[in-house]
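Two complexes follow with chain A in common, the first pairing it with chain B and the second with chain C.
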Partner chain A sequence: MPEWAQSIMTSSITWAVLAGVMAYMLTLVGIPVYTWWERRGAALIQRRPGPNRRGPYGLVQAIADAVKLAVKEDVVPAGANKWMHAIAPMIVMTVALTTFAVIPWSGDIELFGKTVRLQVADLNFGIIFILAISSMAVYGVTLAGWSSNNKYSMLGGLRAGAQMVSYEIALGLAVVGMVLVYGTLKLNLMVAGQEGSLFQWGLFQAPLAFLIYMVATYAETNRVPFDLVEADSEIVAGFHTEYSSLRFGLFYMGEYVHMAVSAVLTVILFFGGYHVPWAHTLFGTTPYATLFPWVMAALAALCLALAWDTSRPKRRALTQGNMIFAAILVAVAGGALLLATLYGLFYDVAWFAALCSMVTQVAVLVVKFLFFFWLFIWVRWTVPRFRYDQLMKLGWKVMLPLALFNIGLTSVLVLAGWL
Partner chain B sequence: MLGYGAVLVLVALGGTIAVVFVGLSRYLGPRNANAAKLTTYECGVEPVKTARERFPVRFYLVAMLFIVFDIEAVFLYPWALLFRELGLFGLIEMAVFLMVLVVGLIYAWRKGALEWE
Partner chain C sequence: MGALREYFAAIGRTIVTLGDGLAVTFSYLLRKPTTIQYPDRTAQPVVAMLPERSRGMLENDVEHCTGCSMCAKQCPIDCIHITVVKDEETKTRSLTQFDIDAGKCMYCGLCVEACPIGCLRHSLEFEGAMYDINRLMLHFVTEPRVVAKPPKKGEEVQFAPRGSIVRKFLYEAGARPPSSGGAS
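And then the complex of A and B:
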């Protein structure tokens, strides 16, 4: 390997850019897939087909929706504060995208004597950074409600402000419990603390904190059962009643990005991040490199199964789009199998094995992330909405005392040496 | 792994995307607004007065309580970080601090600041 290639591979800028690309892949590029997934998930739970016409499995529908939003008229109601009306959705989107800066996508790997990690910025206070930045989203939502000069928007904005700050306390206090357990604010060290046995996971260390965190997360992202800020049966569409076109699109996308951040953070705090339980006991000294060919084989199998299903003429007309989709899937499967073979040939080349282990860790994190994203959808179409007084009662009279109790309990357990 | 510079780049990138999106809809969408279209949507009823009216004082109370408890959470973070070094001393100190705040919470609760009817 030449000198310049080594210096590029060990440069922190390279890995920061890759981590940024990773974050944007899971958010901006992922949003069409998530919206499609949400609609298909709704359909699955309600026993109807859902969008299944345009493209394979109806996937192109999401892109059509985005184009439709873009070519709609951008209406700013009379009497609205024009600047605030434009800035509010920008705040929501910018804030949601910035929180990804400190997410570690993989553990440390050794490349040519240097340690690198797939993370944009390695801040000392990672978890506080995420809480601080994501709580700025409340400005966007409240400003949107206020600036629209619509009574429903105003109510939605007020509700959003009160709801998000109420649950932010519970969220922050639940995270304090996790800081007690791990003794660090850095997300990568938190994940490192969950290496080893399954019972090292935050879920088993502090189950109460997990419960509080999950409920508070759903309230923070304004998802069902806490979507009071846009309750369509009460206040039309809440804070975004007067938003149309891509300004509405920004709110819509911001919600999905926020969900993605929350899902990743849930995995990192409570579900072992990019670690597989008992990895070292089961798969030897370099478990993630050992798992690499299996991950690739699983990916190839998934792609081939989907390709076969798409191109089955009995169920679907063999359209050009389906053929292209199947061809791409087969190509991905081929690439995955090729990589697995390459690993078989070059597993003793240190830098190649290190890169393979990084890919495995990212894959583990993404699989766990997808589960928690699906949980958001699952809950949305299963649980009914709260009433506003119930919401505030839960936030202040149940969650807050419970979070304080959790801190007391965790600190006593830590002091007793049980955690 | 970079520091704050990388965070700033991400903020700039996210902001650019947001601005481009808002700008795009201005250029791609039609622009033929009329007076009826520009009225706010209130389920077909003619809007009366402005929306920026007085609103229930409870929202204000929630904001005040939030500041108290959020600052409490901020104080808890450095304590939680160093808890293993502080040991029993840290536990007792923080128990006293939390007790004061819990008394405040009980006071707010009894006074009805947390009631939503």
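And then the complex of A and C:
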């Protein structure tokens, strides 16, 4: 390997940029897919087919939705504070995207004697950074509600102010419990602390904190059952009633990015991040490199199964685009199998094995992430919305004492040396 | 102590019931959809599956129409327009216009009840999507024709098959024929 290639591969900038790309892939590129996923999941839970007309499994519907949003008329209501009205969606979106900066996508890997990690910024106050930045989102929501000059928006903004601030306390206190358990604020050290057996995961270390964290997360992202901020059956669309076109799109995307951050953070705090339980016991000294061909084989199998399904004559009658989709899937499957074969040939080349282990870790994290993203959708179509007084009662009379109790309990356990 | 126990018991119940709810919705996810994919996944065309007494778009079998205008008088929104011209020489009355504005019709069925012959009736057709709403003005009389005589007592009138008339006019106006049921 030439000198310049080595210096590029060991540069921290390279990996920061790649981590940024990773974050954008999961959010901005992923959003059309998530909207499709949400609609399809909702439909299937309600026992109807959902969007399935355009493209394979209705996937092109997502692009149609995005284009529709982009070309709509952008209306600013009369009497609105134009400056605030314009800046509010930007705050929501920027804040949601910024939190991705400290997410560690993989563990440390050795490349030519240097240690690199797929992470944009390794801040030593990582979790505090996420809490600090994501709590700014409430400004965007409240400003949107206030600046729209609309009663429903105002109500939504007010609710947002009260709800997001209330649940932030419980969220922060639950995270304090996890900081006690891991003894660090760095996210990558938190994940490293969950290596080993399944019972090293935060979920088993502090189940109470997990419970509080999950509930507070749903409230923070304004998802059902805590979607009082937009509550479409009560106050039209809440804070974004007066938004249209891409400004509405920014709120919409902001919500999904926020969900994505929350899902990733749940995995990192409670579900072992990129770790596979008992990896070292089961797969030897370099478990993630060993797992690489299996991950690739699983990816290829998934792609081939989907390709087979979309190219069945029964489906082909609907669109010819299915054939293109199937061809792309087969190509991806081929690429995955090729990589697996390459690993079989070059597994003793240190840098190649290290890269493979990184890919495996990212894949593990993404699979866990997708589950928690799906949980958001699943819960949405399961639990009805809270009433406002119930929401406040839960936040202040249940979650807050429980979180304080959790901190006390965790502190005692940590001091006693049980955690 | 009792209040504290109730507090933690409530949290426990929350977890259990939430799990129950999630299990129920997930089981629904795996079941077959109950809705039918409209229009091309149905076993037969939707029109063929409608009940006998469904009130679809109006049609008039002008071959048997006497031009009495009872229907037009009954219509609460005046969507039926009839013109009858009397020829002074031959002493015959001719029907020159029988238009139904299907875009306005509200399918109340009063005109059908008023029709003494039974030539005005509801078909089962309902797919009348057009690019221009004016095309939904259906002209049942294409060229002036002498009105029919009312049937004598006990005489059976043979009407054209139900729906065959309006369907022809709809396709001429530009409605898309329903995709063949049972395909795919």
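Heads up, the rule we're going with is that the second predicted complex is superposed on the first by the 416 of 419 C-alpha atoms of A that agree within 3 Å, B and C clash if a C-alpha of one lies under 4 Å from a C-alpha of the other, contacts with A are read in each partner's own complex, and residues count from 1 in each chain.
By definition in this document, contacts are C-beta pairs under 8 Å (C-beta built on N, C-alpha and C of every residue); 3 or more make two chains touch, one makes a residue touch a chain.
Here the structure is a predicted model, which means the values were calculated and not measured.
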Overlaying the two complexes on chain A, which is it for chain B and chain C: clash or fit?
fit
Quick check on the superposed pair: does A:L211 touch chain B, chain C, both, or neither? Answer first, second, both or neither.
second
Quick one: is A:M84 in contact with chain B, with chain C, with both, or with neither? Answer first, second, both or neither.
neither
Mind working out whether A:V236 is in touch with chain B, chain C, both or neither, as first, second, both or neither?
first
Count the residues of chain A touched by chain B and by chain C, then name the partner with the higher count.
B
Between chain B and chain C, whom does A:G41 touch in the aligned arrangement: first, second, both, or neither?
second
Output check: A:V398 vs chain B and chain C. Expected answer is one of first, second, both, neither. What do you get?
second
Report, in whole Å, the shortest distance between any C-alpha atom of chain B and any C-alpha atom of chain C after the two complexes are superposed.
15
Residues of chain A that sit at the chain B interface in one complex and at the chain C interface in the other, please.
none
For chain A, which residues are in contact with chain C within the complex?
41, 43-49, 52, 211, 314, 317-318, 378-379, 381-383, 398, 402
For chain C, which residues count as touching chain A in their complex?
7, 10-11, 15, 18, 21-22, 24-26, 28-29, 31-35, 37, 183-184
Contacting residues of chain A [partner chain B, same complex]:
12-13, 15-16, 20, 28, 69-80, 86, 89-90, 93-98, 100-101, 116-117, 119-123, 128-129, 146, 148-154, 158, 161-162, 165-166, 168-169, 172-173, 176-177, 179-180, 183-185, 236, 241-242, 245-247, 249-250, 388-389, 392-393, 396-397, 400-401, 404, 407-408, 411-412, 414-415
Residue ranges of chain B in contact with chain A within the complex:
1-4, 6-7, 9-11, 13-15, 17-19, 21-22, 24-26, 28-33, 35, 37-43, 47, 50-53, 55, 58-59, 62-63, 65-66, 69-70, 73-74, 76-77, 80-81, 83-84, 87-88, 90-91, 94-95, 98, 102, 105, 109, 114, 116-117
